[in-house]
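What follows is a single structure, and I will ask about it in a moment.
Letters A, B, C, D and E name the chains as they come in the text, with residue numbers starting at 1 for each one.
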Amino acid sequence: MEYLLTSMTFLPLLGALVVLALPRDNATLVRWTSLVATVPSLLLGLWLFENFDRSVGTMQFVERYSWIPAFNVQYIMGVDGLSVSMLLLTVLLSPLCVLASFGIEKGVKGYFALFLLLETGMLGVFAALDFFLFFIFWELMLLPMYFLIGIWGGPRREYAAIKFFLYTLIGSVLMLVAMLALYFANTPHTFDMLVLMERAPTYARGFQAWAWIALFIGFAIKIPAFPFHTWLPDAHVEAPTAISVILAGVLLKMGTYGILRVCYPIFPLATQQYAFWALAALGCWNIVYGALCAMAQKDMKSLVAYSSISHMGYVMLGMATLTPQGMNGAVLQMFNHGTVTAMLFLLVGVIYDRAHHRNIDGFGGLASVMPVYTGFVTIAFFAALGLPGLSAFISEVLVLLGTWQYSQPLAITAASAVVLTAGYMLWMLQRVWLGPVNEKYVALPDLSWREIVTLAPLAVIVIVLGVYPHAVLDLFGPTLVALGDTVSSAAPVVAQAALR
Amino acid sequence: MQAIRWIVLLPLIGAAINLTLGSRIQRSAGRAAVAVFGSGMALASFAIAVTGFMRLRTLEPESRLLVDTVLPWLHVGTLDISIAFQLDPLSAVMALVVSGVGSLIHIYSYGYMDEDPALWRFFGLLNLFLFAMLTLVLGDNILVMFVGWEGVGLCSWALIGFWYKDHANTAAANKAFLFNRIGDFAFLCGMMLLFWTLSGLGHATLVFRELGAVAPLLEGQLLWGVPVVTLVTLALFIGATGKSAQIPLYVWLPDAMAGPTPVSALIHAATMVTAGVYMVSRLHCLFSMAPVTLDVIAVTGAATALMAATIALTQNDIKKVLAYSTVSQLGYMFVALGCGAYAAGVFHLVTHAFFKACLFLGAGSVIHACHHEQDMRRMGGLRTKMPLTFWTFLISTMAIAGLPPLAGFFSKDEILWKAFQREPLLWGVGLVTAGLTAFYMFRQVFLVFFGESRAGASVEAHADHSAAGAHDDHHGHHAHEVHESAAAITLPLVLLAIGALTAGWLGIPSALGGSNLFTEWLAPVFAAGGEHHAEAHEGLELEYALMAVSVLVALGGITLAYLVYLRKSLSADTFSRIARGVPYRLSFNKYYVDEIYYGTVLAGTLALSRALGWFDKVVIDGVVNGAAASVRAVAFLGGGIDKFVVDGLVNFTAHVFDSAGGALRLVQTGNINAYVYVLLIGVTAVLMAGAW
Amino acid sequence: MDLSNADSLAYHVPELVLAGGSIVVLLLDLFTRLKARLGEVALLVVATSVLAVGFGAGADQGYLFNRMVALDSFALFFKLLLGFAALGAIWMSTGSRELDGEHPGEYYSILLASTVGMFYMASATNLLTAYLALEFVSLTSYILAGFLRHRARGAEASLKYLIYGGVASGAMLYGFSLLYALTGTLDFIELGHRLSTVAAVPGNGAILFIAVVLSLAGIGYKIAMVPFHQWSPDVYEGAPLPITAFLAVGSKAAGMALLIRFFYPALSSPAGDGTWIALHGVGWPALMSVVAMATMTVGNLTALRQQNVKRLLAYSSIAHAGYMLMGFVVLSDAGLRAILFYTVVYYLMNLGAFAVLLLVVNQTGREDIEAFRGLAWRGGAPAAIAMLIFLFSLAGLPPFAGFIGKAYLFAAVIEQKMWLLAFVAAANSVVGLYYYARVARAMFLDQPLAGDPEIAVDLSNGLLIGMLLAGTLVFGLWWTPIVNFADRSLVFFGN
Amino acid sequence: MSMTTVGLAHYLVVSVVLLCLGLYCVLTRRNAIGVLMGIELILNSAGINFVAVSRYGSAGFDGQVFAVFIIMLAAAESAIGLAVVLGIYRRMRAIDTSRLTTLQG
Amino acid sequence: MTAADAMFLALAATAVIGAAGVAFSRHILYSALSLMVALFGVAGLFVTLSADFVAGVQVLIYVGGVLVITLFAVMLTQGIQNVEVSNRAVGSVAAGLLTAGLFVVLLRAMSSAQWVKPPADVPTQTSTYGIGNALLGQYVLPFEVASLVLLAVLVGAVVLTRKETAE
């Protein structure tokens, strides 16, 4: 499996090209081709999951080729536990999203081609080990995302799309500046992340500080951390279902992934310095703030979007603690949030497809109209509110445990969100699914087989990981321990200019 | 010991099958199939629990511990948690009660829910509840217990809102879950504090059987100047108040009566609400080290017992009376725990499970017979129509009133005795409560079973609405004749009544010549906690005297109820007019606690939420994007805000940039002279800046 | 190698071909019936010239015509680029509907002459040649801008251009005269040598600064940098579209070449480690970095509200001049390399955008954003996708060549730790995206209205767009050839 | 600078005056031909400088040659300028620059 | 004050007054005539600088060529049709301030500058001979290029003024 990561990353792109070559009028063929195009990556992902050596925290399956020698840009792909879990999440969600997109009628070819391109971008981000390559993949996702929201989105899609685009770009340009500064901080100049990590102890404190902040803002916009989050509700509300799923399920993770992949090992000193305010306090605030905002929403999707903000707060908080529990919890939360929120968005999409609106007050009693649907809703909602036995509980409790060691007041504040989360989740459940049946929606059909197939795997993952979290936890345990050590043990450089 | 897991897993399997395939089974194989399957799982679980219990009995008292490790669960850093179950005397007792009473209620449910189309769901949820409760009880560490702890909350939510088409039911369900969550939050905090303190001491563990050994290490550990163990236990106790409906988190329990009656019996009387009691007993090694917490528990318990009893006096809903009575009885248990008498608390838990379950089921039987009428003022005279129900109900009422030799007498008396030893004032409160209990319970009996039938009588306007018409579908059936319920309903009643009659005999104190088997059985568990069970022989006379007093008080309460409600020689109005009716109104309106909570906490949170939602939409969107309020004001004055929001200028920054762009466009007048101006101004400006 | 007039001729083939071609085209127009084929003839001429330039690559380097012009890799680079710009412009002209029947002989003749002027701009090493070349390009540009006489906007553009250019080149001339007065020489290199002593004389600082600033006016107006930019949107809008493209790409590149050639040898000296030291006492790098920031900001902000795509691209090209100036002010070889690199990718993507615009203008007769409404949904999907890629490349998004170009510029700036400049440029990239996205939005997100014509891609334009697109895509992922080429082209006299 | 002998400085002053008057002319004139005249003044002022420096500074003919080129190019510029103006006049019957503002923004 | 000085002053005054006339005159015809005066003044200054050839070119090309075309254009556009005779001036105050500012800046900078000094011994040549030599020797490339420029301008001017007969 020499080209494992490369094939995994670029097979969807190949699929996109095939899709573009298909006849325009045969939508069914396009749909199925796209679905098939996501499968090889999924299989490779599963193979990777199986064959990844879980006992070590080092990079595996590394591929390294020279790309632009003049600029010392290389093509380096490789995975450690952190990347594997995210790759896995991506390849799992992609086929489901394609399946969930079968209802798209307009510009089918374009939609699926863009989706597959997006998948390549996402996989590339998680596999790239050269900063320049990373950046290119990072930006590669912007375009498809812009169009997927902008063309296939809701009524205010243009606004949402451009807002998403601009916000992300602001982060990107800051990242670009920091990346180039880092490039010049090393002699010989390099973008090789592994080398950059090795040299981490030689970067001066001041340089680390501002570069960290610049990168952090870039990543924080993606997470999205307060106060860079306002693009998220808009983007989610307007995006088509599958795109919301990808957005919440994978794209948000890139922010936290980036922090762990770049900020932590390359700027350990700055991480130490800023972890509290930038990550822990902000994360904690995200948790509570997102939950409170979610409570005030009237649109189901926007509620779920704010719940994402809240849940991503756990990730930030957990990773800030640098404790094994906190960091493992954070990464596990990334994975779990990916599956749980994917379910939530798929479920909201189901009702939107039928009723063509998402107003929480506009429904009622769907439980008796669509019992199977309600079953999945219940699983997803209770997973989202952190019910023990379901996956999100594990990660949240780990994060909270880690946080307690780090700062008790933060842990208590964060833990208080369990009440708020339960509040808005149940409140929505009550108003939409319970109560007297709304006469308008008596005749809504229950889930179709296609919808069940998209939801069931996620539900299974949610339950299985609640009982046996080590299936995923083991992947990144050693990686995170090493990462935590790097950051904890970082010491300032003595009398040595990092920038030449 | 591989079998223990099946105590837990069988109900889970039952739940999984019934919840996923149940509706098909019910459609193809009939309602009975679902019920039999569900009940069968519960019974099987009970059977295994019995074998486990038997197995324990064969062991030496000190080694009565069976552990079944199922799966390593969480191993991160110092945290090492497995999914494991343990059977020791305490958890065995609980498991027996839970699965035993649970099985009976399963059977009862088949009779009670005879008209409900979603029987499969009901049985599925009951099974799921059993699973969760048994996990709570049998879990060998705090985290597994927490799984059950929240799991029962989930089931409680689902079952209270079982008839989800009624908005009130779902509201009650949510309320229950949220109040439980508040407790869970505290529980979580306590757990984390405990874990990290122990971890810091080099003994990171949350496993119960190890805690006993490491607990003494906590001595002298401080956090924020307070002993850690006190903080831990207080936090855990707050968790317990949520689950076990104690002040200040009790308010959900009465509302929870919106659920079907078997649910009230199972969850909100016999099992789930006692989880707090079980938890405190389970962790007695910690609680015993925290005298402050014990005091808090005792006082809270006593206050809850008294307060709930006073509220129960005036309620008209048959189930609400029982609900407040439950709250009150749980208060008793906490008094016992607060006094360090864990065994006594658990003993009362067990007896209470029998008689309260029986009472609820009896009430259910009545409600069922009266076509879902729950207002006692519309009942009466059912004694003859439903003899079996009446007798079982009466036995249980006598048990709860503490009349010897029924179960309640022994357990309550032991608590009172321990309370007296600890602090006579506690005993006093307990005694008053006992009297009130006897009064309102017999008030219920008299109103429901004696006198003339008042079915169809009009009730005052201020009747309690929240539970009055639990179930709209069944209105309009009033004209039917009331008759005794089916065997599926009466059989459990009888069995439970027998329990209510005899369960107390397990713990006849030595003062009455008994051997107090129950305390002895639990002794190995509580030995580590240092519970004193050296009987004070010199206080024997005192003990007799106290027993007599409490029996007299109970009889007094019964007599008063008789005078007011049966003989009517005393008018209830006389009492309600005491002190201008203030006490009556307070009691009738449950001290307005709901209203206060709603007005402060809930309204505050919602207001904050709305404010932040607005803030997020307006201010953050504005500020983040770098434009101050002034810019917005300008945009607004310019009449541009609409265009701006609607027409999709990305955000306020865009607006600023756009304005700048607009301004720059104005410079581009198209007049060539002006262009040359700009050129020259540019040059001159640069020259001036550079030359000087 | 310092050749006299007669010897120089052998090294002067590209210019001779162009100049000859210019006359031949005119004659063909007058005396033959080849009117419809003149575009192809002009293409052939430029192609020959470009080939001639190419054959000169790697050969001897030196001064020609008594140090009037230089023959070095730097000049070669720009001549190639300018040749390609002319090729593109002519190609577009042949397919442009608005130029149909508009005196093709004169048109192509002047276009070729203009190209010669640009070649001289890129290779001038003397104030006189520089001025002459600049005026040459200006004069021909005035004519070309107003070539469509039936269009009022064309004449207006031409007049404005002329007046503005007259003042700007007058100012530059005055600046040159002051430099001459201070040093007594017209030769760039000699100027550089003498200025270092002149600048050391107390009291000369102010006049030197004035001379530099005034000189900048003429060159700055060619590359449309603030505050000498105002002519460009009007002229771009009024001129025929291929000419707009030619001005935006060629004229700007030639100006950039002259700017570097003038400022680097004359106003700074190499430090030996790949960086340059500015002439002491004249703070032109600081001045220019302010100018660079102002240029990109003004260009981007003003572009935000444009409705006319041609005009929008005009402002965008102002902004891009600002980006390129970043490479200019860092005073390092890396910066120069970045500029060279950027001119190449800028050529590809900007010409590409104009080519798509031409397609739309040809078929709708309109050049505002509305003309692009729903382009992707009315048969023009390939064109829309191409436009999208060009625009987002202009915006500097990976994986397109524009990003790499911008990355090099940023890298040069960051290497010299000019954080403010980097920050302003970063902010500008974001603003820039917004208006490019507006066009993208019109093409993809908006639905066509009834009556919007179908857009078909014809072979000629399609081929041009395709080639530019291929370049934009390929160089976005594999840009080693350009970077090597740019690296080799950094050799110029005074270096 | 002394007033006794005419030197470079004197010519420079004259050229500065001409430059400024030319610029003033360009700024204020609304008649396109007037503006073009202003440009001629500017070019002339530069020409004076070159010739003066050629005389006083270096002995070569560089400056004078430059001046010849300036004159030549100025003529060319006028030719085009006037041609454009005539073209505009033919169409619009006006050559007022303040009315030539269809291209703006 | 020597005769040369007087000559300089007179010619400078002529040039400046002429230029002022161009700049301030209200009538476009007067402007044109003032321009002629100014150009003659400058030509005279060239003579004082021993640049006879340049002066000759100035008179021939400028006064003889440019000015005649200019007058022609003025007549074509205004004199004959009499549409708008004025040479309207707008914003004179601001423009005055700006140019005055520039003037002051330039003069101040010049006052402290040290101009280039002539080399020690200079062989003098007659201007015309020298320029001729230079144009056909050192500056032959610009000279040739200039011819190309003029050709292009010629063609362009023709195109721009040609009546649209074809259409």
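Everything that follows uses one rule, which is that contacts are C-beta pairs under 8 Å (C-beta built on N, C-alpha and C of every residue); 3 or more make two chains touch, one makes a residue touch a chain.
Note that the structure is predicted; figures quoted are calculated from it, not measured.
In summary, the chains found to touch both subunit C and subunit D are B, E. Centroid distances built from C-alpha atoms place B farthest away from subunit C. Set against the C-alpha centre of subunit A, every other chain centre is closer than that of E. Which two chains touch most often is answered by the contact tally, and the pair is D-E. Computed from the mean C-alpha positions, the centre of subunit B lies at a distance of 95 Å from the centre of subunit D.
Subunit A and subunit D have Cα centroids lying 65 Å from one another. Taking the mean of the C-alpha atoms as each chain's centre, subunit A and subunit C sit 43 Å apart. Note: centroid distance subunit B to subunit C, computed from Cα atoms, is 77 Å. Multi-chain contact residues of subunit A (touching two or more other chains) are listed as 158, 162, 166.
Within subunit E, contacts with two or more other chains are made by residues 90-91, 94-95, 98-99, 102, 105-106, 108-110, 115-116, 139, 142, 146, 149, 153, 156-157, 160. Across the assembly, subunit B contributes residues 650, 654, 665, 668, 670, 672-673, 676-677, 680-681, 683, 687, 691 that each touch 2 or more other chains.
The chain pairs satisfying the stated touch condition come to A-B, A-C, B-C, B-D, B-E, C-D, C-E, D-E. Remark: subunit D residues 8, 12, 15, 19, 22-23, 26, 32, 35-36, 39, 42-43, 45-46, 49-50, 52-53, 57-58, 62-63, 65-66, 69-70, 73, 76-77, 80-81, 84-85, 87-88, 91-92, 97, 100, 102-105 touch subunit C in the complex. By the touch criterion stated above, subunit A contacts subunit C in their complex at residues 67-71, 107, 135-136, 139-140, 142-143, 146-147, 150-151, 157-158, 161-162, 165-166, 169-170, 173-174, 176-177, 180-181, 183-184, 499. By the touch criterion given at the top, residues 1, 3-6, 8-14, 16-25, 27-31, 33-34, 36-38, 40-41, 44, 47-48, 51-62, 64-65, 67-69, 71-76, 78-80, 82-87, 89, 93-96, 98 of subunit D touch subunit E in their complex.
For subunit B in complex with subunit A, the touching residues are 19-20, 23, 71-79, 83, 143, 146-147, 149-151, 154, 157-158, 161, 164-167, 170-171, 173-174, 177-178, 181-182, 184-185, 188-189, 192-193, 195-196, 199, 223, 605-606, 608-610, 612-614, 616, 620-621, 623-625, 648, 650-651, 654. The touching residues of subunit E, when paired with subunit D in their complex, are 1-2, 4-5, 8, 12, 15-16, 19-20, 22-23, 28, 31-32, 35, 38-39, 42, 45-46, 48-51, 53-54, 57-58, 61-62, 65-66, 69-70, 72-74, 76-77, 81, 83-84, 86-92, 94-96, 98-100, 102-103, 106-107, 110-111, 115-119, 122-125, 127, 130-131, 133-135, 139, 142, 146, 149-150, 153-154, 156-157, 160-161.
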